[in-house]
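Listed below are the structures to be examined.
Here chain A shows up in two complexes: once beside chain B, once beside chain C.
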Partner chain A sequence: MKKYLQLAKITFQEYFVYRLNFYLWRFRSFIVFLTLLFFWLAIYGNQSEFLGYQKAQMITYVIGIAFLRTIVLGSRSADLAGQVRSGELTKFFLQPIKIIGFWFTRDVVDKGLNFFFTIIEILAIVWLLRLSFYLPHYLSTYFSFTVLSLMAVFLYFFLSFTLSVIAFWTEEIWATRWLFGVIFLEFLAGAYFPLDVLPSWLTKIIYFTPFPYLVFFPMKVWLEQLTTFEIFKATLICLAWLIFFWWLSTFLWKRGSKNYQAYGN
Partner chain B sequence: MNIIEVSHLRKFYSVFKKEPGVWGSLKSVFKRHYEEVRAVDDISFNIKEGGLIGFIGPNGAGKTTTLKCLSGLLYPESGFVSVLGFQPWQRKPEFQKQFALVMGQKNQLWWDLPPMETFLLNKEIYEVPDEQFEKTLDELIELLEIEDILKIQTRKLSLGQRMKCELVAALIHSPKVLFLDEPTIGLDVIMQKKIRDFVKEYNQRYQATIILTSHYMGDVKELCRRVIIIDKGQLVFDGALEKIVKRYASHKIISVILSEKVSLPKLKEIGKVDKYEYPKVNFHIGKKQTSQITSKILEELPIVDLNIEEPPIEEIIRDLFTKKNYR
Partner chain C sequence: MEIKKLIKIWLMYTSRAAQSALLTTGAAILFIVGKIVRFLLFFVFLFAILSASKNLAGYNREQVIFFFLVFTLVDAMVQFLFRGVYHFRPLVVSGDYDLDLMKPLPSFFRPIFGYTDILDFVTLIPLWAYFLWFVFSNHLFTGVGDLILFFLLLFNSLILGFAFHLLVCGVCVLTTEIDHLIMVYRDLTGMAHFPTDIYYKFIQYALTFTVPVVILFTVPAKALLGLLSWQWVILAFVISGVFLWGSFKFWHYALSKYASASS
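Moving on to the complex of A and B:
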C-alpha cells in the first residue's frame, strides 16, 4: 500500500512543477461550466419551468455536471495508450507494481486536486449570481447520491482503461477516444442537458448503455426525481456495467501485455 | 549453480511493411503485407552466479530482444528461459524484486522531478526497508559521485549524470541479476570509464550476475571474461574473450623497429606490409608463416626491436561480422 501512497505524493508534486498548466486546465473547466450555466439561464429567462424542470433544478443540474465532470469524467489513464505506443510502459512490466493500481492512484490525486478547486469555483458562482440551488430533503438521498457517484467513478475508470488498453493492438487510439469522448460520453452521459428531455423511446435505449450512469442518474437522484424502485434499478444496471468493464479491462490487459512488443530500441 | 538458463529460445515478430508514399499508405488501409522477423532464433546458454558476461553483435542481431525475454518484457515463441528459477514472463513480484534492467536509451526516472523522488518511489515499490535503503543509497552515491545532483530536476541533468542516476534507481533494491543494455551509449570516455569501473565494482562487491551489451569493445574488453556473440538471432560464439582471438584471428602482426632506412619494395619482398613509417614497420602475416618470416626478418633487416602481436579484438570482430565466416 505504501508504494501507492508514495506514488500519490509524486503525482501531487508533478502538478506543482507545471503550475501554469494546471491553472489553464482549471480555467478551461471553469469556462465550460460558465458557458453551460449562462446558456440555460438565457433559455429560462423569466420562466420558472421548462421541459419539466424548475429553474432551480436545472441550475442544480448544471452545477452538478461541473462537479461530476471533475470527479467522474477526469482520468489520467488515457495516458496509458501513449505509453504503449512510445514503449514507456516497459518500466511497469519490470517492477512489482500493479498497473491498475498505478493509474487509479494517479486518478485519485488528479480528482482530489480538481475537486478542491471546483468546489471553490462553484461556491463563488452560486454566491456571486445569487443562484438558487436545490438541496435534497431526505438524508437517504445524500447516501444514494454518494454511492451512485462512487460507482460512476469506477465505471468511468474501467471504461477509459479498456479504451486505453486497445492501444496494444491498434497503437493509435485518438480516433476511438474522440468518438467516445465527445459523441458518446459527453452527450449520452447527460453532460450538456438532462437526458429525459429527449423523446422517451430514445431515452429508454440510452438507459441501457453505461453512459447515463456517469452523470445523469446521480443528478436525478440528487434532484429527488426518482422513485426508490428506479434508484434501485439504476444501481443494478450501473453495477452490471461496472463489473463488465472491470472484467473486460483486466482481460484485455492480460491479453495485451502478452502482445506487447516493448518498442523503443 | 546456473542463475540464468536459456535453451532453444525463439522470438519472432511480425512486421507490417508499407510501401513508400501516400499511395502506399492508402493501399495499406485495405491490405497489409506482414513479414516475419526472426529476432532470436534458437539461442541457448547458461550463466553461473556472479558471472559478468558481455553480449555483443551488430545492430539488429537480437541482443536487446534476448534481454527483453530474460527480463519478462517479451513472451517467447518457444524455448525455455529461467532466471533465478523463475520464468520471466510470468512477471512474479518475487522475481521482479531480484533483478533490474537498465537501458541506455530509455529513461526510467521521473522526468519532471529530481532523481531522489524516483529513488524514494522505487524504495516503496520494491519494499526496501528504511535502513537498507539508506545504506545502499549512500554506497551508490559515493561510488558514482552524485551527491550534488540528487535534488535537480531530472530533465535538467546531463546525459552522463542521468545515466548514473538511472543506475542508482535500478539498483536501490540490490538486484542479484542485472541486465545492462548499452549503459555507456553516448557518454564521453571519462564517463564511460566511470560507469565501467562501477559495474566491475558492483559485480565483485555483491556477487551480482550481470549481462552487458555494448557497441564499445572497450566495455566488453575491460569487464567481461566471457563473451557471447550473436548475429541474425543466432549464437555465434560463447566463451572466453581470448579464445575469439585464437579462433578467429587468421593473422598476426609483426612490428619491427629499424635501425636504418630500408626501401619499401625490399620490405615487401619479405612479407605483406601493413604500415611503414620509419623507423616502424608493421607486417601482416598469416598465422602459419609467423616463425618462418620472423627468422627471415632477423636475418635480412637491420632491426632494433621486434614484436609479434595479435590483431586488435575490434578488428577481429569487425572481420567476423563482415565476412561472416563463423566456424
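Moving on to the complex of A and C:
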C-alpha cells in the first residue's frame, strides 16, 4: 500500500512540473463545458422545455457531463499502449508493482486533481450566469447516483485498460482507441447530449453497449427520470459490463505480457 | 517557380504520408469508419433537434443541414492540409527541427504541411459530392455570383486555418506544448456545427474576433445562401489578413527564441 501512496505522491508532483500542460488541459476542459452549455442555452432560448427536458434539467445534464467527464472519463491508462509499443513497459516487469494497481493509482490522482478544479470552474459559471440547477428530492437518488458513478469509474478503467492492452498485437495503437475510446465513447456515452433525444430504435441499440452506463444513466438517475426498476436494471447491466471488461482486460494482459518482446528497446 | 517547387515538395510529403497511413490497413479502415460514424451520429442528432424545433434562429431545416455540411467540409479540408501540426512537437522536442531549418524551404513548411492526412481526403470526395447534390436538390443555389463568392470565402477560410495552425506552431516552439491548444481550437470550432447566429451576441463577437470561427465556417455558408452583406465580406478578408500577418509575426518571434534544446 505504501508504494502506491508514494506513486500517488509522485503523480501529483508530475502535474506541477508540467504546469503549462496542466493549465491548458484545464482550459480545454473548461472550454468543452462552456461550448456545450452555450449551445444548449442557445437551443432553449426562451423555451422552458425542449425534447422532454426542462431547461434546468438540461443545464444540470451539461454540468453533470463536466463532472462525470472528470471522475469517470479522466484517465491515464491510455499511456500504457505507448509504453507497450516503445518497450518502456519492460521496467514494470522488473518492479514489485502490479500493473493494474499502478495505472489505477495514477487514474485516482488524475481524477482527484481535475475534480477539484472542475468544481471551482462549474461553481464560478453557475454563479456568474445565475443558472438554475436541478437537485434531487430523495436521499435514495444521491445513493443510486453515487453507486452508479462509482461503477462507471471502474467500468471505464477496465475498458480503457483493455483498449491499451490491444497494443500487444497491433502496430497502430491510436486507431482503436480513437474509434472506441473517443468517437463511440463521446457520442454513445451521452457526453454531448442526452441519448433519449435520439430516435427510440437507436437508443434501444445503444443501451446494449457499455457506453451509456458511463455518463447517461448516472445523469438520468440524478434527474430522477428513471423508475426504481429501471435503476435496478441499469445497475445490473453496468455490473455485467464491468465484470466482462475486468475479465477481458486481465485475460488480455496475461496473454499479451507473455508474448511481449520489448520491441522498442 | 517558387510555388511550383513547393507544390512538388508538398506532393512528395503527401505521397509519403499516404504510404505511412496505408501501411497499417486495419488502422486506416478504423479511422475512416470513425469519421463516417461521427458524421452520421451528428446528422441523426441534428435531425432530432430539428424534429422538435422547425427552425433554428430563423433558419429552416435544409439551411441548418447546409451549415452543418459546410462546417464538415471546411473542417475536413483544414485537417487534410494542415495535419502536420500534430506531428510538430516531436520534431521540436527531439531537436530534429534543426535539420528542416537548414533546408531551402520556408521555415513553416514542414511544421504545417509536413503531414497530409490522406484519410481526410478519402472522406472529402463523397462529402463534396453529397454537398453539391444537397445544394442543388434543395434549391439552395442562389446564383453564379454567390457561388464565386462562396469559393473565395472558402479559400479565405483555408488561409485563416493556416494562420491559426501557424500560431499554434509558434506556441509549440516557445513552450513545446501543442496538443491541448490545437484541441481547444477544435472544441471551439465545434460550435459552428450549427449556424453561429443561435448564440448570444457576446459569444458571436468572441467567435468572430478571437478564434474567428464565424469567418471560418458561417460566413462562406451564408455567402452561398445569398445572405451575406458586403460589409461581412470585407470584414472576413480583413480579419483573415490581420490574423495571417499576426501569425507570421509571432512565428518569426518564436523562431528567434528557438534554442534547439535537444540537439
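Basically, the second predicted complex is superposed on the first by the 262 of 265 C-alpha atoms of A that agree within 3 Å, B and C clash if a C-alpha of one lies under 4 Å from a C-alpha of the other, contacts with A are read in each partner's own complex, and residues count from 1 in each chain.
As a working rule, a contact is a pair of C-beta atoms (placed from the backbone, for glycine too) under 8 Å apart; a residue touches a chain by one contact, two chains touch by 3 or more.
Quick caveat: nothing in here was measured; it's all calculated off a predicted structure.
By the document's definition of touching, of the two partners only chain B reaches A:91; chain C does not. When chain B and chain C are set side by side, the one touching more residues of chain A is C.
In the overlay built on the shared chain, the residue A:35 is in contact with chain C alone; chain B does not reach it. In the superposition on chain A, contact of A:192 is made with chain C only, not with chain B.
Judged by the touch definition given at the top, the superposed model places A:207 against neither chain B nor chain C. Of the two partner chains placed by superposition, A:154 touches none, neither chain B nor chain C. Look at A:5: by the touch rule set out above, it reaches chain B but stays clear of chain C.
Looking at the shared chain after the overlay, A:17 reaches chain B, while chain C stays out of its contact range. The touching residues of chain A, counted against chain B in their complex, run 2-3, 5-7, 10, 13-14, 17-18, 87, 90-91, 93-97, 258, 260-262, 264-265.
Listing the residues of chain A that touch chain C in their complex gives 20-21, 24-25, 27-28, 31-32, 35, 38-39, 41-43, 50-51, 170-172, 174-176, 178-179, 182-184, 187, 192-193, 197-199, 202.
Here chain C touches chain A in the complex through residues 23-24, 26-28, 30-31, 33-34, 37-38, 41, 44-45, 48-49, 52-53, 56-57, 175, 177, 180-181, 183-184, 187-188, 190-191, 194, 198-200, 203, going by the rule given at the top.
Residue ranges of chain B in contact with chain A, taken from their complex: 13, 64, 68, 71-75, 89, 91, 93, 96-97, 100-101, 103, 105-106, 108, 110, 112-113, 117, 120-127, 153, 181-182.
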